Each structure stands twice: as structure tokens, then as C-alpha cells.
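The next block holds one structure in the form of C-alpha cells; read it before the comments.
Per-chain residue numbering starts at 1, and chain names A, B, C, D and E are given in the order in which the chains are listed.
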Amino acid sequence: EDTVKVGLILPMTGGQASTGKQIENAIKLYMQQKGDTVAGKKVEIIVKDDAAIPDKTKTAAQELIVNDKVNFIAGFGVTPAALAAAPLATQAKIPEVVMAAGTSIITERSPYIVRTSFTLAQSSTIIGDWAVKNGIKKVATLTSDYAPGNDALNFFKQNFTAGGGEVVEEVKTPLANPDFAPFLQRMKDAKPDAIFVFVPAGQGGNFMKQYAERGLDKAGIKVIGPGDVTDDDLLNNMGDAVLGTVTAHLYSAAHPSQMNKDFVAAYKKAFGNRPGFMAVSGYDGIHLIYEALKKTNGDTNGDKLIEAMKGQKWESPRGPISIDPETRDIVQNIYIRKVEKVDGELYNVEFATFEAVKDLGKTKK
Amino acid sequence: MSDLLAIEALRAGYGEAVVLPNMSLRLAEGQVLALLGRNGTGKTTLINSIVGVTRRFSGTVGLAGTDVTALRPDQRARAGIGWVPQERNIFRSLTVEENMTAVAQPGPWTVEKVYEMFPRLKERRSNFGNQLSGGEQQMLAIGRALTLNPKVLLLDEPTEGLAPIIVEELLKAIGTITRAGGICSIIVEQNAQKILGLADRVVILERGTIVHDAPSAALKADPSVLERHLGVAGAAAH
Amino acid sequence: MTIALETQNLEKTFGGLRVTRDLSLKVKQGARHALIGPNGAGKTTVINQLTGVLKPNSGRILLEGQDITDLPVHKRVLRGLSRTFQINQLYPDLTPLETIGLAVSERLGHGGDWWRRMGTRNDVNDEIADLLRRFHLLDVMNEETVTLPYGKQRLLEIAVAIAAKPRVLLLDEPAAGVPESERHDILAVVGSLPRDVTVLLIEHDMDLVFSFADRISVLVSGALLTEGPPEQVARDPQVKAVYLGEEAVNV
Amino acid sequence: MSASSDVGYHAQRQARWHYGEVAFWLIVLACGFLFPTRYLIMTDILRLALFTMSLDLILGYAGIVSLGHAAFFGVGAYAAGLLALHGIVKEPVLALIVAGLAAMVLGFATSFLVIRGVDLTRLMVTLGIALLLEALAERFSNITGGTDGLQGIEMQPIFGEIPFDMFGKAGFFYSLAVLFLLFLFARRVVHSPFGLSLRAIKNNPLRAAAIGIPVNRRLIAIYTLAAFYAGIAGALFTQTTAIASLDVFAFERSADLMLVLVIGGTGYLYGGLIGAVIFRMLQEVFSTITPQYWQFWIGLVLVVIVLVGRQRLHRWVLYVPNLVIKQVAGRKAVVAVPESDA
Amino acid sequence: MTAILTNLFDGVAYGMLLFVLACGLAVTLGLMNFVNLAHGAFAMAGGYVCMVLVNRMGWPFFAALPLAFVSSAAIGILLERTLYRHLYTRSHLDQVLFTIGLTFMSVAAVDYIQGSSRVFINLPAALQGQFDVFGVGIGRYRLMIIVICGLLTIGLQMVLAKTRFGSRLRAAVDDPRAASGLGINVPQVFAFTFAFGCGLAGLGGALSAEILGLDPYFPLKFMIYFLIVVTVGGSSSITGPFLASLLLGIGDVAGKYYVPKMGPFVIYTMMIVILIWRPNGLFGRTAAR
């Protein structure tokens, strides 16, 4: 048996489809660059679409494990999907590599879960700290009303108020929300220094457009938040109103390392657009799988692979990252970035770095 | 030529079924033709074939000297065929007035003239088609056909469900319209006695074929023909 | 003589139009009563109120002395009031067997039975068979109603109404669309109903009305114009003026 | 044969078991042994079939259209999940019934809103109810777990004896048993006077009332029963996947359901089963070939189905089975004769 | 006070947005009695055409808008002549199946051609931002939507209620066979109306892109909203859906502003309550027997 099978379960259709596509693209790119054999074994990727619906995830995972006999399951666009597959990873004793979903608890649900994306706690706490230190005293929050949104809100509030900031208005928007007008009007009426925003990647554009339309930028109300709202995937399309938005995030396509420049160029060349943070999470995810296989010398025993993954450290397009051996969660730099125009295009330009941030969600508990 | 309507060797029916095997019929200006026959003998099918809403296998239909066989039903209607369908087919979501204006064509018959003929309709002019009594629907169907200002008026059981006094007036009116307006009419009727006084000519169908075609006066003189073909000697039987 | 069906000061308006005006009508038990009147006089509307399809604005409806004004349609049927429609109201996808079977089951109170299969009750079967035979429908009992010729459908329409074993039967233009040769079948069937069944008939075919009815009410613009035995009504100049016209009526 | 017994014979015609039906169920059972690696997808099909059967009861028989049937599915699913999670009712079969009853209560309560109005109104009211429930479940995340769904459901063995296994074998046979029992029940009901009266109501409510059928009461009854079925389907879903998340209420679920039923054909109970098989297989095949664009091909199939005509398609698809059955049965027995729909 | 007015304005604008998206459906579903669930696909087509013209080819926005209408109408007439016309006489369930199928195809096709990321149309500066009228913030873009919708409604209502075309269309829908026998060219009336409905959808798609964004899932995501507007409004006129959109828009915005927690409930609750109160929609004609 000299193939290693990776079952990649992603939302390829439905509202989250762009997440799935970025990750799939990044993996393709990685395998083009590094070849499809590692430690003498051929790596085979089997993509399944779960449309971000957990029962589909579960059925897909089960089918992959039972019928295709995969050695890894990977992907997982949203938290419920990652959670749905967790008991299967435990039962089948194979690694589950989470490449997108971002709530803290995920890695605690199975000893076989590793994560190469991020947790919302990482960026939200940091932006909270940064805001108080940079003269933002009054903040109104606008977050999507679902688990990641609530995570982002709570971690932000915790650090922001601890530092002496005040949350003057708190609005949770429905997950499927076509029009932000009434919520933004509330924000405007609350007259804060800044709005803390978390909306799922994809809705960022709607938000920023309407933020500008309502003249909140002119009223001097800044936008801060985790980087989802200014996802590189969509940023260039949002118009000049986003200029000056400050976010904390793990990755910017403008990250100044050579490695990233090459990555962005290659990705653009292959797929025509800029990679976002989902792409980089997928890129690192497949890298982790390759490295683990190298370390076990091609042994596909799940326990051995997980052991091999723990403590891995490498240089990613986003900067130096590692896998925390205790929590199997990612440890990475979080950058504070501001949207600026570079060569006529909008970019998140990094200007401050918080190094080796662990998942604060877990360390605090 | 003075034949307004000329049907030649028409073979028509529905789907695969042939109802009229070989129908030829000519009708001159100013003539009222009564079309009789038992249930299911093809009266409606004949009317509908002239309108063009059945399946035609072969044969031709001519209207005022031109061949309209190739025309679609709506083109035939505009060429001068006025139709009162057996089921009335009032447009239910149109008001009484719209039912007429939607199809009306220029000519002597206007909506106002129809109202004169059926004052009842004028009272109900803004009712929707599905809010009419059975008889009012019948009146509307007739009025609607008239506003088309047809050359050939086809009435499929127009007296059904109408009060006797209205029937009387209606039949009189049809006679006047036909003779004065230079058009021709075909009336399908169940009750032969009702119509013998009005019609110039009577055609009796049996299994899609004409079995009797004669001036109505002849029929009045010899009621046994009716007995033979229709199974009743008219209303006089009881 | 007992009164089978009675309306007291019935009123119905559509928008601004008074379609039934203060109508008080009595139909005696066992009567063969005809309701005639010009088109749009409101005859069908009266029937619809009697059967509960329409709610009167005011006034009462009594069936054998009991107030049924507020009962829903189906309860009136169970009390013995049944009707036919001016335009056939049948179940296109069901067969005559099923159509009549349902009516019989419903009357016998088995209609809500959700466990016992159709066709397993002999009393019901007997009755269905009897009705099918009486209405000449046995040969087509397994064909879907849509496929039946119009005459058969009309018979079925009446059979269904009779399957409910009504004590009062309302017939709205039962002969409409039925060729002359078959009209008498229908009349014969209706005529063969037991004498204690009361029949209220609406019809524009005067031959039929006058050969059938023993009492006639004339409705004009929603109000009662006159009422009486056929001979009297036929002679009434008012009735002639608004409805009958010059047509000779042989009584 | 006397006219009366003739009538009885014909009245029971449809209620009699055909060879084709027996064969159908034997094939279904055989699948359980023939494809031991595909239990999951087969269980999924069974659940969907049961759910569709529920819609068929109201749509195919009573003519009530619904775009919100997922409401009952969802209530059943969450009920079963909560019962298991909090250990209120541990035994799955019992929990299944309790969950079904919960959905049934909701069905009864909402039936009053649904029996009013025309098709489009019904469509939207049912849809609205399902969406409201979804929003409620999202809002009360302390009970339902919000968007994360119920976490950590662990199912106890069936009857305390048969545990649910990872390969889904127990789940499959469990679901099959439930489906079959409920099918038998539904079959009995639709061939009763009650069932026939539903078809009458669908055909012509005016006439139905005029022969003494209490139309509203019948509609409420069947809607409530259908809610029970849907609740059971939802509960089976939770029990066999150990998941209950918000999308059990989703519009897509109700919409897919409608597609499945329409593909399979309404008004003869097997439509749901056949439709579920076809729909899931298509999805599976297409999404294996192209995980990104499988929707295109599904869409194309739907379009073709409609253009060719469902009736004709059924005749083609069932041509061979019918041929075989005619040989075996020696008479004109037919596997399935889909009736026209609303 | 200004807060109320601002919200009212936003509500009206949002309502108009719903209307411009749904009025094409009100035409096909309400007047032609054809359940065209692919309505959103035509809207999306118009949106993407406008986007490509403006963003990629540098057309001015106002020049691209009519083209959104025209291109969707053209696609509409093409499909009508080839496919849809076979379905007018089929059951509603068949229509649902068919149009959902088309929607799925359109979603995947657009995803394939344009990618699954959300896109926006670049607006001219004149349409961006807000201006103040006595302290009430008036969004320029939203104002434009209100104006366009107002004109559209008046125009449509004139055509459908006051002209012969309107009654001919309804006649053709009520009874195509009789209509054609009485001189109405039914296929032509249908084709024209259908194309017009699709054109309206395309215009709606282009106009709504700024606020809702455009992505391949547009037709599925907003299908529910279209349907809500048409059912609540009642399907016998254009004013019905128009007023329903206004009501829903204002209600939704007010609900979200004053009780954000209840945000998602407002529109569905309103719909259910209205439909129970008036099963044929606000302005639906009660179906007589």
C-alpha cells in the first residue's frame, strides 16, 4: 500500500463555497510545487462537498473512513462541521486537520484534531488590547449572531474592558442578513470612536459598502476587528471607504516576506485572484500533513501521525507558526494591519506584530 | 361569390381520434343555420374546427372567399369569426366590461350596444367573470362574440341556462343581426322546436356526418325527421 | 302540513348589491317545489345560503323546524339537506364507485374511519351497487370521472346528492347540458324518489318545470314576486312580463 | 358475481398488495446485505424516504402544499437530541415516539394556520413557520446549542440490546424497520374511507363538504399525522447521526423534500421511496464526479425530467420491472402507477 | 424624530429594493400564474452583466443598467421560446421542479464562470454617500432606487390595469384556448410578458447588487424574499406587491433598529400574520367559488 489518502471535506457549494475553493486551490498549488509523493508514498486527495451542513460532513467523513479508507480527514469550513467529524476521528484513530473553522473548543473534542487555521480568540483579544492602547475608548460592536461571532465579541470585550475601554452599543445581526442599514444607523447614533465588527467572510463587502454609504467614515468612526471583514479575497472590491480600517489577523497578502511574495504570485498565476487567509490555512494544513508523513517515514498510524504533528514549527507565508504540542492548536503571530492603497490596489498593510500568540480561549480557561 | 363560410372535405378531431370524418358545408350571407344532433355527434367539434381549436387532419375552411385553413385561431378570429363556446369560457379574472374590450374589434357592435341588448350586463359591468350567475355568463359570452364584429357568428348552445323571455329576445336578435348585418350564423341547439322558427336551414349531425340538410320550413312540415334523428319529436311530446 | 325547509327574512349582499332581499320562503314536506326567475335573480345564491356555502347577512334558515343558519356545510348534509350544482362538482380523479362510496360511508358515519379498508362493509357495498344500478353507472364504475361523457357525469352528480339520503333535495338546473333525449332519465330518477323527500328545483326549461312541480315560487331581483300552483303562475301576467315571455306553457 | 360483491371487490382493488410491492420491499431488505459498506448513505435514503412519505400524505393525498415541512423534522430531531443528551428518555425507540409526538403537537397547533388559504398562501405560511422555528432555535442557543448544534449526543443501544455502530449497520436496519412499520400504517390509512375522503377533498373541496365530509377536520387530522411522520424522520436523523444542528429546519431541506416527492410521483406512497433513491444517488454520483458543480447536473436532470414528462419517465424506468412482474404474476399488475398531482 | 425619519427612509428604500427584485415575479407568477422560481437567476444574470460592463469594460453605470434589463429579457425570451412555453399548461409542481432545476444550473454555471466570491458594481461618485435633509440622512443610492421603483410601479400599473394589453394578458392566462379562439395571440402575449418579467428581474439584480452583493447563490438566497413579497401583496395587481414591499421593508428596518434581537423574526412573523388575516394577500382578490 503506497498511497496516502486525504479526505478533504469542504463547503464547495452554498454560501461558504469560497472558503472551500480557496483551501482546495491552495492544496492543489502546494502539491504542484512540492510534488505528490512524500516519504515514498503518493498522496491522493479526495474532495467531498458538505455545503457546510454538519450531517453531510459526518456522512462524508464516515464514507471516507469506511469506504475510501482515508488516512486523514481535513478541511471543515465551519465549526459545526468540524465538531460533527470529531467523534469519528477519535473512533477511527486518524488525524482530523482543521483548516478553516475557528472556535476555540474544536481541538478539545478529540485528541486527533489539529488546527492550522486560527481561533477567533487570537485576533479578537489582540485587537481589544491594541484598541485601548491606541486611544479608542468607546466602541460599538456589530457581530454576527452565531458561535464564532459571539466568540469574537466576548474575547474582544474581555480584553477591551479590562484595559479600560467602554462598549457603548452591542448589536448582533442575523447570520443571513441582506441589509445592514438599520444596524449601522444604530452604530452611528451611538457615536462611538470605533466599531468592532465581525461578520462571516463574504459579508465584509456588504458591510463596508454600507458603512461608507451611511457616512460613518466621515463621522470619524473607525472600523476595527478580526481580519475577516477585510479578507484579502474581497478587499480590493470594497472601495475606498475601507481605507484606514484596522484589523488584527493572522495573514495579509501584503505580508512582506519573500516566501509570501512567491506564494501570492504563484497563487495569482494559477487561479487569477489573490489568496486570502483561508487559502493560507489550507496551504499550511497540507504542509503539516506532508511533514508528519516525512517524520513517520510514511507510517500512516494515526497516533504516530498526531505525535509527529505536535510541536511542528515552520515558516509559512503568513510568518513563523507552530503547533502547540499540548493543545494541538496553532501558535502564530498576529499582525495589526491597516488598509492602504499599494500600487492602486487595496491591501492590509501590517504595522505591528504580536508574536507567537497561542489560543487565548484555552489558556484562560 | 356569396358564400361567407365554406368548409370543404374537413377531417378533424382530437389527438388521434377523428370526430368529423369528412365535412363539407357552405353558408351564405344572411343565413341562420341550426345545427342539431344528439349528444356527442360532433356539433361542438364542428364549431371548434371552424374556430381552429381542434386538430385538423385534412380539408379546408374558407371565410368570405379566402382560405383561412392555415391561420391560427386568433388570426381567424380577427378575420371575422365570432365564437360563443359551449362552456362559455368567461375570463374569470376580467370584469364584464374587460371581457369584451379585451377582444373587441372595430365595427358596429360596441360594448354599449351589447349593454343595450343585455341591460343586465350593464348593471354588472364591473363584476368579475367568476362572480356572475350562470345566465349572465351566457349573455356575456354572446356579447363578447358580438364585439368581435364577426362575419360568421358561431353560437354553441347559446340559450342554455337563459330565462325563456331572454331566449325569445335573443333568438329574435340573432335573426335580425344576421340578416341585416350581412353575416351568417350557426346555432347549436338541443331543443329543436325553439329554433325552427328562426333558422333558415337545419343541419342534423350523426356521428360527425351530415344526415339531414334542408330548409327549416320542410322540417316544420315533417316532424318525423326529427323523431328519426333526434329521438324526440320536439317539445310537443309531453 | 309540516314545513321541511324555511327561510325567514333572508338577506345577502355582494358589495353593494342586494342579491337576496328579505326572502321568506316555505317549502312543505314532500313538495315538488320549483324556484324560477330571471337570470341573476339570485336563485343559486339562495341555494348556496341554504346549503351553507355562503353566509347570509341576516335572517334565519330552518330545516324541519330547526335553526341551521350557522351550521357548516357538512353538518347540514348530515341533517338531511343535499344538493346538486349548476355546474358539475365532481372528483375528476375518482371513479363513480369511489365517489358514491364516499357519500354513503360519510352518511353512515364511517367516513372518518381510518383503519378499515374501503369495500369491506357489506351494507355500504349493497347501497353503492344499488345506486350505481339506478343511475345506469354500473358499466363505468371503475373509470375516472373526467373520462366520462357529460350525460353520465350529470347522472353521477345527482346520484351523489341522492346517496346522502336527503330528506330535502336541492336541484340547481339538473338538466343543464343534458340533451333532450336524456332529460327524462333524470326526471324519472328524481320522480322516483320517495314521496316524503322534499325537492326544491331550479330550472329554466319550462317544460320540465311545469311537468314536475306542484308549486312554484318566482324570484325577481332577490325578492319573491309570487308563489302558487303551476297553473296560477303560468297565467300570472307579471311572471309573463319578467320571465316567461310569450312562450306558451302547457301545464 | 353479484353487483354488491363486485363493488366490494373493486373498492378494495387498490388496497390489495401487488407482487411488485412485495418485490420492492424484498429488494430494499436485500440491499442491507448486499452493500455492507454503504449503510450510511442507505440510511440517509431511508430517512429521506420516510420524510417524503410524510409530505406525500398531505400533498399527494390531501393536496396541501408545504415548503416548511422541515419544521416538524427539526422539532423531531431536536426533541430526540435533547432527550438523549439529557438522558430523559434513554431508550431510542421510546425516544423516537416521544419526539414524534412532540412534532405532532406542533403539527396540530399549526394546522389551523395552514388549512386556510390557497396553495401559495399555504406554501408561504408553512415556510414562514419553519423559518421562525429556525430563528427561535438560533436565539435559544442555551437549549439548542445555537449554530453549533447539540454537542455530545450519545445514543444508548436500541431496546438496551443493539448498540449503534460506526458503520451504521444497526442504524440502517433500525431505520428500515421504522420506515416499514410506518409505511404499513400509512398504507392502511390511505386505503380507508378516511384516506379516500382526503383525495376527494383534494379533488374538489366544495363537493366534499356537500356530501358531508368535515373538510377542515380531515385536513387537520392528516396534517397532524404527517407532522408525526416528519418528526419521526427527524428523530431518526438525530439518533443515527448523533447530530442535531440548525439546518434541520433549513429551507433547503423542505425544498429538497419537495423535489424528491415530485421526482418520485405523488399520491401512491412509493413516490417518496423511489424519489429518495433517485435523488440521493444522483447527488452522490454527481458530487463524486464534480464536488463543485454537481448542482449543475442535478439541475439538468430536473429540467430533463420535466421536459420529457414524469409519467413517461416512470413508464420507461419501470418498463423492465413491470415486464418481469407480468410474467410472474400472470396478470396486469403494475409496480406503481403515479397519479397526477395537485 | 430624525431617527424615525431616517429609519423610515431606509425602510422605504429597502422595501423598494425588495419590490424591484420581486416585481418581475409578480408579473410571471401573479399575472401569468407561472411559478418561476428561477426568477432570481434572471436577476443574477442582469446583475453580472451590469458588473462586467461597469467593472471590467468601464461602461458608465447608467448606461449599463438598461443593458441589464435587455440582456435578462433576451435570455428570458430565448428560454421562453425554447423551454418555458411547454410548461404553461403543466402542474405547478412540474413548474417548480423545472425552474428549480434551471436555478441550480445557473448557480453552478455562474460559479464556474465568475467564481464564488461576492462582487459589487463600481458606482459613480454621484451615487455614493448620504446627504442631509434637516438632519435626516438620505442615502443617494437608496434615493435613486426609490425614484426608479416609483416610476416603475406607476408605469406597470398603467400598463396592466389601464391598457388592453393587461386584460388580454389576464384573459390568456385564464383560458388560453378560448382566448386564442377569440382573437388573442396567446403565445405572443406570453412571450412578451415573460421577457418583460425577466427584464425587470435583471434590472432588479443590477440595482440590488450594491446593497445585497452578487454571488452565484443569489437566486437561492433571495428566492424566499421574492416569494414573500408576491404572496403578501397578493398576485392580482402590481400595487399589491408594491405596498407589501413597503410594509415589509419598513417593518424589517424598524424591527432591526428598535429591537435588534428580534431582527430575523420580524419579516416572517409579519408574513404569517398577514396571510392568516388575508389568505389571498393584502390585495388579493378573494377567489369566488
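The rule is short, and it goes like this: contacts are C-beta pairs under 8 Å (C-beta built on N, C-alpha and C of every residue); 3 or more make two chains touch, one makes a residue touch a chain.
Going by UniProt, the chains are B, C = ABC transporter ATP-binding protein; D, E = Branched-chain amino acid ABC transporter permease.
Model, not experiment: these values are computed from the prediction.
Taking the definition of touch as given, a chain qualifies here only if it contacts chain C and chain D alike; none does.
Most remote from chain D, judged by the distance between CA-atom centroids, is B.
The highest number of C-beta contact pairs joins the chains C-D. Seen from the Cα centre of chain C, the chain whose own Cα centre is farthest off is A. For this pair, chain D with chain E, the centres built from the Cα atoms lie 33 Å apart.
Note: centroid distance chain A to chain D, computed from Cα atoms, is 39 Å. In whole angstrom, the spacing between the mean C-alpha positions of chain B and chain D is 52. Centre-to-centre spacing of chain A and chain B amounts to 76 Å, using the average Cα coordinate of each chain. Touching of two or more other chains is recorded for residues 107-108, 111, 261, 264, 287, 289 of chain E.
Counting partner chains per residue, chain D has residues 135, 138, 206, 292, 294-295, 340 touching two or more of them. For chain A, residues that reach two or more other chains under the stated contact definition are 13, 17, 21, 174.
Under the contact rule stated at the top, the pairs of chains that touch are A-D, A-E, B-C, B-E, C-D, D-E. By the touch rule above, chain B contacts chain C in their complex via residues 38-40, 120, 124, 131-136, 138-139, 157, 160-169, 190-191, 230-232, 235, 238. The residues of chain A lying in touch with chain E in their complex are 13-15, 17-18, 21, 171-174, 176-179, 181-183, 185-186, 188-189, 202-203, 205-206, 209-210, 212-215, 218, 233-234, 237-239, 272-273.
Note for the complex: chain D touches chain C at residues 2-13, 15, 188-189, 191-197, 199-200, 203-204, 206-207, 209-215, 217-218, 221, 339-340.
Every residue of chain E that touches chain B in the complex is listed here, in rising order: 164, 167-168, 170-171, 173-175, 177-186, 236, 285, 287-289. By the touch criterion given at the top, residues 29, 83, 86-87, 90-94, 96-98, 100-109, 111-112, 220, 224, 227-228, 230-232, 235, 261, 264-265, 268-269, 271-272, 275-276, 279-281, 287, 289 of chain E touch chain D in their complex.
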